[in-house]
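Presented sequentially are two complexes of subunit A, the first with subunit B as partner and the second with subunit C.
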Partner chain A sequence: MAFGLLKSDYGADGFRTCGVTGLKIHRSAEVPIKLFGLTAVVALIVGGIAALLVALTRWEAVGILGPPDFYKFLSLHAWNLLIFWMVFMEIAILYVGGPIVLGRRLPWSGLAKAGWGIMLGSALLIEYAILTTTPPDNQPLLTSYAPLQSSPEFYLGAILFILGAVIAALPFFWCIWQEKRENRGKTLPLVTFGAFITGIIAVEALVGGLVTYVPTYLWRIGVVAEIDAAWYRHMYWIIGHGSQQINLVAMITVWYFMTYLTAGAEVVSEKISRAAFILYLFFINMGAAHHLMADPVLSSQWKMWNTSYAVYGAVIASLIHAFAIPAGLEAGRRKRGLGGDTWFGWLRTAPWHDPGFSATVWSIVLFGFLGGITGVLMGQMQLNTLRHNTMAVPGHFHGTVAVGTTLAFMGLLYYVIKLFFNKDWVFEKLARLQPHLYAAAMSITAMAMMEAGIAYGAPRRDPVTVQIPGTDFNFAAAEPMYALLGVSAILAVLAGVIFIVVAVGSLLFGKEATVTTPVPLSLTGGDRPAHEYSMRGTMAMVLFFLLVFLLFYALDWMWLSRLWEFGT
Partner chain B sequence: MGSPLESPGGIWWNRKVSGLEKSWVGLAVLTAIILFAWMIGWQQLGAQNPTGPTYSVAPENYQAQVQAYKDAATETEQGLVPAGEDVYIGARQWTWDGVPVVLEVGKEYRFHLSSYDVQHGFGLHRRDKLIEQFNLQVLPGYEWVVPITFKHPGIYDIQCNEFCGVNHRIMYGKIIVE
Partner chain C sequence: MVDETQGTGAGSGAIEPFVEDNGPWFVVFMTVFVFLFASAFAFLVHSLLVTFGPGIAGGSP
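Now for the complex of A and B:
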């Protein structure tokens, strides 16, 4: 059965033509995409189970796990969802963005499979390390902050996983190299360009990871006598935050891809959108500094320059995509005569019943409002002290990763099932409901965490904050937020279960796909270029977004100004 | 043309950009400059900044400094009253050394923060008004000196907010401001 899933009908040259996109798909690319995609879904399942246990512990009235088990499942939750689910998906996205979009073979496909094998083996080693951690070793959580030691197998697993990911990325880069050699002067398609930028940012992050974990492993096994806490933090966040920037850029590439595929979006300006990707390339890794704002050692000049990505280069990029993607949708649909000549008809008549589309749109909107706004607030040196290590931090990254990236990847997977596995969705009604339910539930989960953190200072990474042994202090005031977090997390996990049931059910029992997209991708409407169509609906929405951002910005600074005085 | 899956072809960097998109890019740049300028301005003029000199210090030397500070301070029923304007706090698994401490409202103290073992977090919470709280990182090997002036009397709870081992959850201390 498992091998059957990896098969498709290819021609004698190993290619087949996609019935929807018209893309030429080669077996050497398609098989690894399926392998990486399926593995990512397994990590999503493991991480999702851990998520439920973690949430039901933070909902202290339920308090399902004691402290040692809480940290164990928190570590499993972090590594499976923030790393394994994401990185396996991202390698698949590189292969889609490179060989599939370019209509090429994936060169060195043996390396792709070797990379997959190493990543899978090392992921299992990390799971094993987490499950078998006993004192004096500590659970790594995501950060494994030295000098608090974790088990040697954990560091070794992390090193091998990084190596595996680099190996798996090499065929993608070689594919781009071949394309550029054979077609000199021909511009890469935007999705390929986005994937290429993702790949470069990924390798930067992964090299940072080796710089971190190799010396840390040597320290753990006794080869190196001491490890400096400030050095570790500085190095670790190259991969700690860098890996999340891979998610961001991969997600934005998926946004361009999916809005086009499901709703007929066009690129309104190649120049502006590509410039935004290049801003990411230059500046986004500086975001690693966001984690060091409340640290000693670093000067305020270092902090402000780095945390701002050199005067907000990466924020400008994100704001550009925040306009360009909905504008592409608006102009593309107006061009095709969809939705009439009104402000928002193009959006109202969009295929909201299509889970590929709804997942993508919720990902865009909620990433911006939940993850984006809080990220910029936390990234300001002074405001960071209000949120650092409180529940507001997981609130932020559930806004970016759990709502934004995860939804985008789910939307993509709905189409991977159709276009690559050639299967129709089973339980179609559930599939259509799923992105809406997940978006709503996970948004409330994230907002409950944000509120618990910012309004009550409730700590993250702490299973007991209401009846704390040894002190008469408590965070009982945050209990309504904990309850909200618990209930909404149950619903979000339920939405995740629906996704898994639909995805796995479709793969096993789905009928052969009768593939159509909700909109005609070939142009039926006007022949004017996209940038000449109205984008007023998009402009209204992004202005509203900016207004909301400024409101929260002002609120945060107001609270900070009321605080006791500190610093030089 | 217009598809993100196709090469744009031709001299695409000369193609016209919609007026609205250009205005938005302008707004984005303006936002970026305001955000940066505000942060720098607050660092110069504002009263809340996570900044202060850092010194390298071996954990055992720092522990000796904290002991000397405690010896010089006056012990009262509520806690230590520091002899001068320096307040030393040492973090270790899973207690705070040098607390409880009794301080005066409106007086600037130099808080010295460091750890004897692993990384910890100095989360400070005003008990009667939980929205008033902040968080600083505490690292072994580094002594961070951060001036703090309390505006209101009351109990301020110190809570370790960096995971520091399995008993992390019980690591609390207290500052009394009168």
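Now for the complex of A and C:
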């Protein structure tokens, strides 16, 4: 059955033509996409189970796990959802953005499968290391800060996983190289360009990972006598946050792709969108610096340059995409005559019944309001003090990764099931409901974490949430936030289960796809270019977003001014 | 929400491509959207109460 899922009907040249997009799809690209996509879903299942256990421990009235098991499942949760679910999906996205969009073979497809095999094997090694860790080794969590030692198998697994991802990315880069060699002077499609930028940022992060983990592994097995903790922290965040920047750029590439595929969006300015991707290339990794704002080793000048100057290059890129994508949706739909000439008719009549579309839009909206705004606040040197090491930090990255990126990848997977596996969705009504339920529940989860951190200064990474052992700190007042977190996390996991049931059920029992998109791609609309159509609805929405941004920016400075009153 | 079911396809004389109706799902989206913004506003008010009114909502530790 599993191997049957990897088969499709190809012509003698190995290509088939997608019935919806008209894209030429070669077997060499399609099979790896399916492999990486399926493996990502398995990681989502494992990470989701761990998420439920962690959330029900944070909710101390339930307190399902003791401290040792809490750190074990927190490590499993982090590695499966922040790394495995994301990176397996991102390699699949590189192959969609490269050979599929360009209508080419995936060169070195054996290398792609070898990369997948190494990544899978090393992911299993990391899972094994986490499950079997005993003192004096420590659970790695995500950061595995030296000189706290984790098991040798963990470091080895991390090194091999990174190597596997680099190997899997090579065929994508070779594909781009071939395309440019054969079509000199021809511009890459925007989705391919976004995937290319994603790939470069990925390699930068992955090389940083090797620089970090190889010496740390040598230290752990006794080849190197000691390791500098400050050096480790500095190097680690090249991959620690760099891996999340891969998520960001891959997610934005998916936004452009999915709004086009499902709802008739167009790109209103190719140059502006490409410029925004290039800004990411130079500035997005500066975001990693915010993890080191309380680090005594680094100079204030270093911190100020990275978080009060350079990071704005990345912020402006995000703001450009935040306008360009909904503007492309509005202009594209107006061009096609969809929704009339009112301010928001184009939005009201959009395909909200389609889980690929609704998941994408929820991803855009909630990534902006929850993950984006808090990310800029945390990435700013002074304001970082307010949130550092509190529950507001996981609140932020649940807004980015658990809400934003995960919803974008779920939306993409709904269409991978249709377009690549050629299966219709089973339980279609549940599929339509799922993005809305997940968006609501996971957003409340993230906001409850933020509130516990901001309002009470509740610490992160602690299984005990009320009375911190060995200290005078008591966070009983924050208990309602943890209860809210627990209930909303249960609902979010339920929405995740619905996604898995629909995805796996469709693969196993789905009928042959009646491949359509809510807005047919053949509907091209008027002859005028998209940018000549009104974008007033988008302008109103982004002004509202900026108003909220400004409000929370001002509030954070107000709260920062009161920080020194704590404990007096 | 049927005002979109007829597209304005460029190919004159050809059958108009069928655009799907979104049924009640825009209302579902808006309901969740309003719920989330109301929740965010409630969190904000709660934060301000904690900040300015010790004892009202638990106060800072």
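As a working rule, the second predicted complex is superposed on the first by the 552 of 568 C-alpha atoms of A that agree within 3 Å, B and C clash if a C-alpha of one lies under 4 Å from a C-alpha of the other, contacts with A are read in each partner's own complex, and residues count from 1 in each chain.
Heads up, the rule we're going with is that a residue touches a chain if its C-beta (ideal position, glycine included) is under 8 Å from a C-beta of that chain, and two chains touch if they have at least 3 such contacts.
Computed from a prediction, not measured in an experiment: that's the story for all the values here.
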{"item": "Contacts of A:T349 with subunit B and subunit C, given as first, second, both or neither", "value": "second"}
{"item": "Partner chain in contact with A:S358 - subunit B first, subunit C second, else both or neither", "value": "second"}
{"item": "Which of subunit B and subunit C A:G117 touches, first, second, both or neither", "value": "neither"}
{"item": "Subunit B versus subunit C as contact partner of A:Y456, first or second or both or neither", "value": "both"}
{"item": "Which partner, subunit B or subunit C, touches more subunit A residues", "value": "B"}
{"item": "First (subunit B), second (subunit C), both or neither touched by A:R562", "value": "both"}
{"item": "Partner chain(s) touched by A:G332 [first = subunit B, second = subunit C, both, neither]", "value": "first"}
{"item": "Partner chain in contact with A:H436 - subunit B first, subunit C second, else both or neither", "value": "second"}
{"item": "Contacts of A:H531 with subunit B and subunit C, given as first, second, both or neither", "value": "first"}
{"item": "First (subunit B), second (subunit C), both or neither touched by A:G63", "value": "neither"}
{"item": "Residues of subunit A that lie at the interface with subunit B and also at the interface with subunit C", "value": "454-457, 473, 475, 477-478, 559, 562, 565-567"}
{"item": "Parts of subunit A lying in touch with subunit C, wherever the complex brings them together", "value": "336-340, 345, 348-354, 358, 361, 365-366, 369, 432-433, 436, 439-440, 443-444, 447, 450-451, 454-457, 473-478, 516, 518-520, 522-527, 555, 559, 562, 565-567"}
{"item": "Subunit C to subunit A touching residues, read off their complex", "value": "1, 3-4, 7-10, 17-23, 25-26, 28-29, 32-33, 35-36, 39-40, 43-44, 46-47, 50-51, 57-61"}
{"item": "Contact set on subunit B toward subunit A in their complex", "value": "1-9, 12-13, 15-18, 20-21, 23-25, 27-29, 31-33, 35-36, 38-40, 42-43, 46-54, 108, 113, 115, 117-119, 121, 123, 125, 127, 130-144, 146-152, 155, 157, 159, 161-170, 172, 174"}
{"item": "Of all residues in subunit A, those that touch subunit B in their complex", "value": "21, 23, 67-68, 71, 101, 135, 138, 141, 143, 145, 147-148, 186-191, 228-230, 233, 256-257, 260, 265-272, 292-297, 299-300, 303-304, 307-308, 311-313, 315-316, 319-320, 323-324, 327-328, 332, 335, 376, 380-382, 384-390, 454-457, 459-465, 468-471, 473, 475, 477-478, 521, 529-532, 535-536, 538-539, 542, 546, 553, 557, 559-568"}
